[in-house]
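Okay, structure first, notes after.
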Amino acid sequence: MKALALAIVVLVGGLLISATVDFPDWGDPASPAALHVSPRYIEKSMEETSVPNIVTSVLADYRGFDTMFETTVVFTAGVACFLLLRRREPRPGPSRVYRHRASGVIVEMSQAPDTEPAPEVFKRIDDDWTPHDLIVMNVCRLLIPFIQLFGLYVIAHGHHSPGGGFQGGVILGASVILLALSWDLRTASLRMKEVATGLMSAIGVFIYAGVGALALAMGGNFLDYAALAPILRVDPVAARSLGIFFVEVGVGLAVMATMVLIYKNLASEGRLDQGL
Amino acid sequence: MIWQIDLAVLILVLICAVGALAVKDLMGAAILFGAYSFLMCILWAVMGAVDVAFTEASVGAGVSTVFFVAAVFRTSRRSKD
Amino acid sequence: MEQYIPLFLTKYNYWVYIALMMIGLWAMIAKNNLVKKIVGMNIFQTAIILFYVSIGAKYGGTIPIIQHGSGHGHEAAVRAADYINPLPHVLMLTAIVVSVATLGVALALVIKIHRRHRTLEEDEILEQLRES
Amino acid sequence: MSEQYPALVVIGPLLCALLVSVAGWLRPRLCLPLALLGLGIAASSSTGLLAQVLTHGPVTYRLGGWAPPWGIVYHVDNLNAVVAALVSWVALTNLVASYRAVMTDYPEKIGPFYTLYVLSVTGMLGMVVTGDAFNLYVLLEITSLTGYALIGLGGGRAPLASLNYLFLGTIGASFYLLGVGYLYIVTGSLNMADLAKLLTPLHGSLALLAAFAITLVGLWMKMAFFPLHAWLPNAYGFAPSPAASLLAPLMTKVMVYVMIRVMISVFTVEFILSEVALSHFVVWLAVAAMVAGGLLALGQRDLKRMLAYIVVAEVGYMVGGAWLGNKLAMTGAILHIINDAVMTFCVFLAAGCIYQKTRGTAFEDLQGLFKKMPWTMTALAAGALAMIGVPPFCGFFSKWYLIRGGLEAGHWGFVGALLFSSLVNVVLFFRIFEIAFFEPMSHGHGGHDGHGEQGGPVALAEAPLSMLLPLMAAALGLIALGLATGPLVEKIILPIIPAGLG
Amino acid sequence: MLVHSITPLLAVLVSLAAVPFIILCRKRPNARESVTFIAAGIKLLLVASLLPLVMAGKEVGITLAPVLPGAPLALKVDAFGLLFALVSSSLWIVTSAYSIGYMRGLDEHSQTRYFCFFAVALSATIGVAFSANLFTMYLFYEMLSLATYPLVTHHQDPEARSSGRKYLFYIMGTSIALALPAMIIAYQQTGTLAFSPAGILAGKVSPLMAGVLLFMFIFGFAKAGIIPVHSWLPAAMVAPTPVSALLHAVAVVKVGAFSILRIITGVFGVDLLKGLDLGMAVAWVAAFTIIVASLIALSQDGLKRRLAFSTIGQLSYIVLGLALLSPKGMTGGTLHIAMHAFGKITLFMCAGAIFVATGKKNISEMTGIGKRMPWTMAAFLVGSLSVIGLPPTGGFISKWYLALGCLQAGSVALLVVLLVSSLLNAAYFLPIVYRAYFKPPTEAAWAEGRSEGPAAAWVPPLVTAACSLALFFYPQPFLRLAQMAVASLFGG
């Protein structure tokens, strides 16, 4: 296998290296890539979409269709993880461990009880539970709102600075994952239920595709935000800018929910009862 | 764009890539992969691809690494190669 | 020899991307551990991203965010040569997202395989399959 | 509305997939109707699109209203339209056929299953209609990811097979992406039509050749072209039947379509014809694929795995036809995309029906099936005859054009391999039929005393009607397609064969 | 000249259309068999209704689907085709009656399946007869191969399985590996596959190519049983006897011979073959088959196996007659399709009747059976005479024309072959009759008197034997059709 791998690698590498000789030099401002399609984006972005961050305007408008499917890819991955891993039967573990919230006493039961005790009295903890570090937990608890705020900022400010739906969505998702890591999965699940993640990931993509379809219904082409101008009561250029904002929100929502969904399924082998 | 930084980071990236594949402990590999992603992110920031760098920082270095750690934690850390 | 030095210097980004890509490819084929293969896969994908981002680089260009002053879209004409080519960046945002999505599915499959075979080494899994 | 068909072909199923996902969380009973709705929209609009293209010529649709090469466009000509119609109809039929299996096997995961199913079809349709090289990559990834998940859902070795598919598929897709990157670096464009224009002066450059080679290797990996086929037999052999009968007929065919599209619409035939050595090499690879696929199939003891190897051989037909470099062979290759999709669908669906009843497709499970499931076996026989190439089943006609193409090119190896593959198919399928016909009572008796009625009574246990009717539709489709070959070639295929081909 | 009519299509489809009804009536055997009879009757009427038109020198045709340019799915009835169709459709009625007697007499299983595939096979046979071009003929040829597979392997036992394999190997293997490429090459060179009296290949292919193609076709249509692609036929004798009778004496093997007829007359054309002297080559291949098959037949003890080798020899008579490329010889060859059919089907049905009545399959066990089954053996005698080619049977007429043809073609050597083989025929048939009538029965029960078994099993051979006799005195319309057909080849 290693010899085969080496042979393949040498072969492919050789091909790639020999082809690279024909390439324009790195950073050459006169290369075809710099001269053919991209100048229009740079020169017209402000004029046509009123978005200074050219990456955002290309991402969500000129090539917005790609981005819609890119969001769909994320969504697909979330659904795929769910489909592959999620299972309902409880962990066949030897015991269940509960902590009485008021007293802090830890109770271990040899098998799962018939009825789950009320979660506000007895908190179920993992069977490989170790007391969490108080400092980490509290620092994270303090940090998480700020992280989320930043995530929202990244989504909203994608027009003017690096960032946008993806980055913001991942940051929002990461904040929930951080909660799951520093507290535990059940706490995170209480904040963001499984159904909520599932629905939000679908709805996020739906917002994107829905904005496109709305444009289609308004008589434009699919994703032609300018066609939304009559309902938004703004001029077409501003409508494009606003359309980009809507789809970014959709992307953020979908990405956040999907990241959480994937993490939960991976970290608990699909049982969603206990995480790392 | 400062080509010295560019080159230095490129070399570090290569080292991290080889390292991530060479260590025997999968958790170590996951962490080294996180470092690799982060260096990549720096590289792209140096090249002026700020959006890509931002995404790589959050996705590659952040969430991907968490996924790796979660998966390794749920399976095994052992690796023969 | 002399003529190869500029060739090397002007395209070193490309050389590094090829090196990374080959490392990743080699790992995907030759490594025995499934998670290592996945790490290799990610390195392979990031190498391609590096390649694309390198296409976009432009000497004398700045980041592709237009500096706008007071007026709304009425400042001095923007010159394309002043900004880095944004298109590869856009494409690579997609590629990064695709790679994390693939990673998620791959890890899910790895967990499913581990659930059944209790190991991540490919040879051991194949051994088990041959026995059954 | 008709001017929006190109968008609807993709958007309809996409939106419905999202709704299916929502319904999966809230009202699982709505999943199937919504999925049907989505694929129904796709099927009807792709059929409308085909009619439109045939009457008014190619359609270009600007997504987001941006002109090419800046925005993404859908460029639909006869080839896209017919493949899109094919994909959507096969997927719709399979959706109907597989609902019983999904309900019994995955009752808790109906929502995600159908979401991925519809998304997978969305991806394929998107790949087929798009006119943008990078957009194709994104859609390819959607189809692939859904494919990995649907295949990995199966029991036993399926997850490992799926993971292997994922590795090779990712390498393939990444190679394609790299190839597109090479094209971008030398031209600066991503739009296929624009690329074709910009590439003309670059013919002969090493970078272009490398781009071509890398793109093709990537696509070959995704279509399981010999010797890059290693992932396919396990993946399709162990996949759950509803997924196998969706992916096996369509995935490879869509990839072959993409290859042909890249060959004729991006690199243009002038470029391909100028690379004679490469063409020759590829045709010989195709010959190897046909021979090896057939021989490997002979070694299998399981119906689904055997069919999977036949798919490997069939890919050889199409790739070889596309590369022979003349009009007849290209006609044959395109015709075979259509025919092979339907016949592979028919045989995989029949295998699914058998699995539904016997819970296995190993050869021992097939005993006495002619008595037990006469209709299913009839349909399987129809599929088999099509694959062997017996007129009036459609397989004959594509073989006809391919052999003629081979003769015209003077490539006797290709002609011989085609005939060899037909003969191997005879052996393969009649081996199955012998088991199903001559070994009526596997359990209990030794299976050697002649008359079925005197041996252990084999009760009629036919697959449910919801599977049987689509199966029959597919089987009849084989004959209908065969008889419609004349108009199909005349009206649809010939107009898009590039004039440059000899 | 070409009359457009849907009748040929109906004639082909009528038995196919009977299949659903046969399946519907599977629970009531009487209803099921009446469906078969009705279909057979309609088929014969439809075919016969074409007779006046064709006799008047017209051709009847219909194009069904333009599947391939120059080779549409099309039917056309000319004198050759009508002759063949007339023979097979009239014999279908007789065989149906016989099948019922045979199958019920032996209480065979899966009779519904049997009658279904029989009907499909008949459709395919008529389809071959009425094909307007090589492609259509190939289609029906393959359809026939596949439809007969379940009939051959009807018993579903290991023997049937191995015979079925052999059958498929020869029939499908040769048609895919030889006939199909030959057909495509011919199409590639000419752009058409339509049969035409002048041939389509003339002037389009090199002599070498023509020779290769001719032999690819002749061996590719293995149903004609030319040595070395003959051995499927003895193997196929595991089938129930009605199958052997109708299919392996009439339909299937004659389809093979008829295909070669079409190749010689419609694809190559007399002039091309004469010009390249390929006719003689084929004639000698056929002559070799005739002699060898007859010699092998001498040594066979199984009655059906002996008949099978006889059939192989007799088929080559047809090929030989056609390959002579002389008007008389071709008339004889064509006529032999009909004459041999009536004779050989009689023999097969007698063999089946003996099996139904006594369970005997081998000639050595049939000593004195004439006492037990005098009528059956009488029919057998007539059949033998016809196959040997002695008056007063139809077989004499075709042999006569064949002999004249040899002389016309100026080949005395082939005439000798014919005569020698006739002697051999006599040598392997007449001892059976002698043994049956003039030797004392070995089985005690046989001496007691006449007991012929079910009437449905022994009346049909008598009918066909009577036909054989009648054809000697009144060889119309077959002779007229054969003469017309051949005349059309030689420019009217």
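Observations on the structure shown:
Going in written order, the chains are labelled A, B, C, D and E, and every chain counts its residues from 1.
To be clear about the criterion, a contact is a pair of C-beta atoms (placed from the backbone, for glycine too) under 8 Å apart; a residue touches a chain by one contact, two chains touch by 3 or more.
All of these numbers come straight from a predicted model, not from anything done at the bench.
The set of chains in contact with chain B as well as chain E is empty.
At the centre of the protein atoms shown, by the Cα-centroid criterion, sits D.
For chain E, the chain with the farthest CA centroid is B.
Looking at A-C alongside B-C, one finds more C-beta pairs in contact between the chains of A-C.
Look at where the CA atoms of chain B average out and do the same for chain C: the two points lie 11 Å apart. Annotation: 32 Å between the Cα-based centres of chain A and chain D. Taking each chain's centre as the mean of its C-alpha atoms, chain B lies 37 Å from chain D. Taking each chain's centre as the mean of its C-alpha atoms, chain C lies 29 Å from chain D. Residue positions 12-13, 21, 25, 54-57, 59, 61, 63-65, 87-91, 93-94, 97-98, 100-102, 104-105, 107-112 of chain C are each in touch with at least two other chains. Shared contact sites, meaning residues of chain E that touch two or more other chains, are absent. Looking at chain B, one finds that residues 1, 50-51, 55, 59, 63, 67, 70-71, 74 touch two or more other chains. The chain pairs satisfying the stated touch condition come to A-B, A-C, A-D, B-C, C-D, D-E.
On the side of chain C, the complex with chain B involves touching residues 12-13, 16, 19-20, 23-24, 27, 31-33, 35-36, 38-40, 42-43, 46, 49-50, 53-54, 56-57, 59, 61-65, 84, 88-90, 92-93, 96-97, 99-100, 103-104, 107, 110-111, 114, 119-121. Every residue of chain A that touches chain C in the complex is listed here, in rising order: 1-2, 4-6, 8-9, 12-13, 16-17, 20-21, 23, 25-29, 31, 33-34, 37-39, 41-43, 45-47, 50, 52-55, 58-59, 63, 66-67, 70, 73-74, 76-78, 80-81, 84-85, 160-162, 166, 237, 255, 262, 265-266, 269-270. Chain contact summary for the complex, chain B toward chain A: residues 1, 50-51, 53-55, 58-59, 62-63, 66-67, 69-71, 73-74. In the complex of the two chains, the chain D residues touching chain E come out as 385, 388-392, 397, 400, 403-404, 407-408, 415, 419, 422-423, 426, 430, 434, 437-438, 440, 448-454, 482-487, 490. Within the complex formed with chain C, the chain B residues making contact are 1, 6-7, 10, 13-14, 17-18, 20-21, 26, 29-30, 33, 36-37, 40, 43-44, 47-52, 55-56, 59-60, 63-64, 67-68, 70-72, 74-76, 78-81.
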